[in-house]
């Protein structure tokens, strides 16, 4: 199964997409469509749980794409009911290639008052401690997923209803989470108090849907109603949507990288088109870091909107100087006669006739390890470009994310060990510029840039300022930013 | 297996890509890479044949993508040798879904003087008559492919060498063909006298490669040497390239649709970047058919270069108003609660926040049946666009192709039964304009447009002027263009 | 996947085979071989768990045959370690075709003092009540298997060591069970106080093995040491075998049907060759129910030993009048021109030249629903037999088993609703005789037959006398035998 | 895919089974059933061809068992029509593991007067010469199978009808062959003049069937009419069966090994039950080679009928001392701690409790390489047998077969290099005796034994007297028996 993005081994990766629906016939078909629209948030595996009065809960969890697993009549026939939730996932850094099917969500638990299934996007930062405590009391974990803590906490709650038990459980949980859950009759959505990960509400016919992004509402023809608020829990039944705020209120800290890369360009975040925000990043970048050149080329596909913005602001023509092979694959056998940069050639090809003799501005969304940037630069030069200027649509990624994003260890991040200038030298390009943190904030609508006293977003991957202490990681020896840094 | 283009059931489709290499270690690995780069020319099946002195000829033919079939060490270990050829194919219109593995090329024949394998791109227009004649004489056909005639003609030739037998065979063949063939020691390339289908020569290390397009040379790090000329046969051995011209010379008639859609934008055709030709089509279109609007949006992905050209020429901002789902699939089960235009939603989503209230110019490469154009227009209007203007980067497709392209029967072509104005009404858009045939010729470099007395290209799909009589089709009742038309 | 026995839909079916080994290199390979030898006890799915110090516990569970799932180097490489256990299973009556992979054993639990895996053969008769209680306390069940109760009871035990927790757990469990379990360093075997299901101990090199039957010791070249005693728990470490008797002692009641059908003929049960016991059943049957005839034919393959005994005692020649097709399958499409008894013809064929005009005694192991017996009788008559006499190597099966055997509901058992004579009439054979319960006891070595006051075996399927009350079934409405019956 | 016989790598192997039917609805379903009954004659691959007026010829050819390939509605729906033929095959010695799907029969050829398909059981002894000649003339071979010569000879025949062309072709062919062929309206069956391989005719409803063995008639409920005679060609249409004798008459030489091992015991050959012939071999063997012992045990499964006969004639009790594992497999990974005779243990287990301390007569059908016999002897001794006596139900196999049977090269045959006494010593058994050639002839009904002047059967594998010169093999250096031998 080929990756969706040609270089996703050199990208930060969102780890999950979640979706739920209630009050529609054939809920599973809606969930499958919703997950298909969210596939970019997790391509390794997916699962759907539904419920109908006669047969109870039904569950199918599989490795691979939604389009391959949840489209045949036989499978979908195993998922009857008018309520359902689903989940798509990546494996996390620690478990690469070892994910078992038992790690694939939604997780299901049978409680004394009935069953519940949950799908979780985010990361529990005190999962290790919770797990130890639960095992001590006799809980048996079936997965290596931190999300399973939630269902065990619910099983042991003294509360009488499932929503109450979920509140009880989530109050013990630290970190970033958006959760979609279901009982026999209720669809439940929750966002953590900081609202780090997204969650939106939609209306579909007489029913309701919850999704990580609005593009998943679009695919099922649902109307976008509103975002679930940070710290809000909604309980949806056939009587409608009931809202609660069980957590202590905090200033929200939505993940700014959702604007930069994770979310689909056709989704709406915080009332803004993601595509438009990214184009605006290009505009800001052209203002902050202009350069004289002949062409502005995106690194496909994620650099495209910012490249368009950069071109429009700078007046330098936009061109597709790099073509992406639509039939990607990573596993071709290298011929004995060695091919330079073979890995990258399987995915991209430079438009030689276009590039030759030109001064080229390459716009990419981010630099993580820097390995890909280097190869692309070489391809461009091999094709005869006169100059190569990199413009990056995000600030230097210098810190790992612990809130549901797959990042390399800190020492693997290029920006953790080099200054912008050292990076330029390392990549051997004519110029390299990242957008400033203020420029990024402006592009996503904060006219005055970042409020350093109380930042409007979670930007820990750029700033090292973690809004929730990553307790498990600190226990394992992770060094937080010191005053000196 | 999802289609590469979201609407390839509403596109003309190139039927084959061919590739060959000689004089390199592990030829099969090169062939696999070359075919991977040519996958857009045929996604249904592929095959590779190699030869090495000890084990003789080796052959693997499979349904599916190159990346899935020719990447594991076990398969590639079955294909040793320093010479090899390969083929990727679509099924032709008549046999949709019935292709047997025995129809998958390269075809192989054992002759008295040794074996030969051939891979054919194009279509033999007198195949039926040839087949009848060969069966009458006792040949046994193993496939339903017209290409098999070539190998039987070779088997029965009185010539002494395989290249001579191939010449002998190809002189009996009418139609359009580019052929790559191999014996134990020779790599052979031929183009028909009109040069309808492409074929290029490259240098890789000490060896040589033949390919349908230059992008397949790029992926293996080969240097592009030149195009094989119309009517030329090259015989490549370890002594070098020997060129012959066995056919009676004619004015060449290269397929103009290769510029419009078939070839990859990063290939070079006739010395020109395909991307640049397509951008230029957009420029011409903006001149021929301007309209006042807010945004120029491509229908992804094939409309992109023309949309960029249209935007640059018109000054109207370019924007990605339609997002393509990278994880396409056609088979999701429709939920009972019907979703409007579900098929198209699986593949595309409109960027609602961007489109709302705007006058939008949509640039597409062609209109074949028109079914897709209609659905896209509806999605754009659903999203709140104020006006929708279609601009098409090719003239109306009014005639089927019989030279190796999969086209619907004539009566299914929208332009065969409607005028441009009727089409506009049929599609219910605010305006619809196709580039003119002259405009298209100008965009691909003919400054004076089409030479109607002796056209520079094969443009039968637009003009109905077939450079080679499609004998088999006429026999089956196809009506050629009358003087009146 | 074809069934092993041609008519296993008309047979009682053992539900599980278990195996464990400690103190050998590559334990998983031994477990795979042992399970292969036990495949007749469960063909639906199988699993293996191993442990080694570096990587901890490893587990692979799959649907299908051991020979297909646990033979490739890749899978076996996922199961390193010198200690391992395994399980093969049938689906139980209630869940036919719905078994999920999560129902496939061994089950694994992580406790505060480390992990343990268990494999269970038998049935817990108070599983429903236990499950309710455990859920009430916050345990989350992952399977529909009653065996999972054991692992949750262990998780909640207050004992400090895993063997102590297992004792604690098994004292809460009612029913029939043989269990093989493992920790990081210990292999544990337990049989319930009545010893209903088998479990044997073997010595393999410097290590030890536990298996359901001795044939699984033979395949790995292990020496048969002894049976685990009813009510015994053995804990095996690198220091040797330690035996405990944690349960209150009872008179043992081994399943007599293991002698009749479940166990393999080359296994040893209670010191006797199973083959020899079955041959002796034939001898007893010839004495109890003689008849004048020309041939004694087994219903292949399970009727063979008794048919040999019947022939030897009666002097009537033994012959293979029915041939079994070794390539069975049930799913051929019936041709329009209907074939009489097509289902049975796929599996068996009568040796027409042998049978024609003969008086034939057919020896079968049991009659469950009677559907197969009827079809076989018809085939024999179609082939021209003059008379057909059925001799059955077990008493009438009139009661379901609740101790780990898959039996139809009582009303589906032919003998539950008909007398021997009614059955003869129903099957339309010239004579039909079952061995008596006393005859069966004599054949398995009880010279004085059954001790009705205190039976030596569990023979509930014949007698309706259940040694352990099937509590869950009674709760669901099952009617125990009344004094009148 | 496990082998059907536990030691078929140490057995002679029939290479093909053929079947045809005409005049029935859903012919393919009948063919599938017939091939299923003939699966023992070829387990590697199978194919079915049918014809119906509308769609013409239909063909499906696959690797694997009939039960796995020709049972699903989708496949069978691809094979409509009321006439059909089929083939099951082994790979021949030379091509082990290299069989391509193009080598799988039936073969199909399109001739000027229409198509024909053929299925061939046997071997063409002058195939190499024919192939060379045909290629010289321009035929293109698609397979490595000698059977393909027939279809090319037919394509080049000057005759006007397909049956006439087949006659023409078969007159050029030397060797042993039974052929089933079909045109659009005719089912054709032919046996070579010596009648080496079997072919029988049956009546099914209003239609007719041709099959290698009568067991394939039984499974479809067809009535056995008669054997096709040596040198006979039958052409069956809706008007009935027409018989011709196109070849010069010769004394027939049916393969005697069909009686010994190849045919199923429930088939009828030459008017005799195969089972009964094999039992009679055991009777003859008991007379020729008596020995004092406690038990007669068959080597399962093929030694069973002869063991029964031996026991009945000698009065020594018959017993199943060796149990066959029904779930065979050869590929288990050997544990580091080596298991003695692991290969054989996967397939067989000795009934230790039965064998211990006994003098055992083992009856096997043949000794080819002798490797298996040796392992079985070791297992029996390991289990504690006091004496082991081998009795073989065929004479020493000292010569390879070139008439459609897979045999090792001569030097690999134990009997080619050792006397009976040397073999006994080699196998280290207490005694070893083969049935005499005369005894074998008597058992199959020749009361006076073998007519050495003009043998009634082909027994070349025992006698080295080849009824047709194996021309291709002699060309490759095979040494025929000299006068001295």
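Each chain gets a letter, A, B, C and D, in the order it is written, and its residues are counted from 1.
Everything that follows uses one rule, which is that a contact is a pair of C-beta atoms (placed from the backbone, for glycine too) under 8 Å apart; a residue touches a chain by one contact, two chains touch by 3 or more.
Computed from a prediction, not measured in an experiment: that's the story for all the values here.
Each chain's centre was taken as the mean of its CA atoms, and the one lying most distant from chain C is B. Computed centre separation for the pair chain B/chain C is 62 angstrom, with centres defined by C-alpha atoms.
Centroid to centroid, with C-alpha atoms defining each point, chain A and chain B lie 37 Å apart.
Within chain C, not a single residue touches two or more of the remaining chains. Contact topology of the protein chains: cyclic, one closed ring where each chain has exactly two touching partners.
All chain pairs that touch, listed by label, are A-B, A-C, B-D, C-D. Within the complex formed with chain C, the residues of chain D that make contact are 2, 4, 24-26, 29-30, 32-33, 36-37, 39-40, 43, 65-68, 70-73, 76, 204-205, 215, 218-221, 264-266, 268, 272-273, 275-276, 279, 301, 304-305, 308, 312, 317-320, 323, 325-329, 331-337, 339-340, 342, 345-346, 349-354. Chain B contributes residues 101-102, 109-112, 135-142, 151-152, 155-156 to its touches with chain D in the complex.
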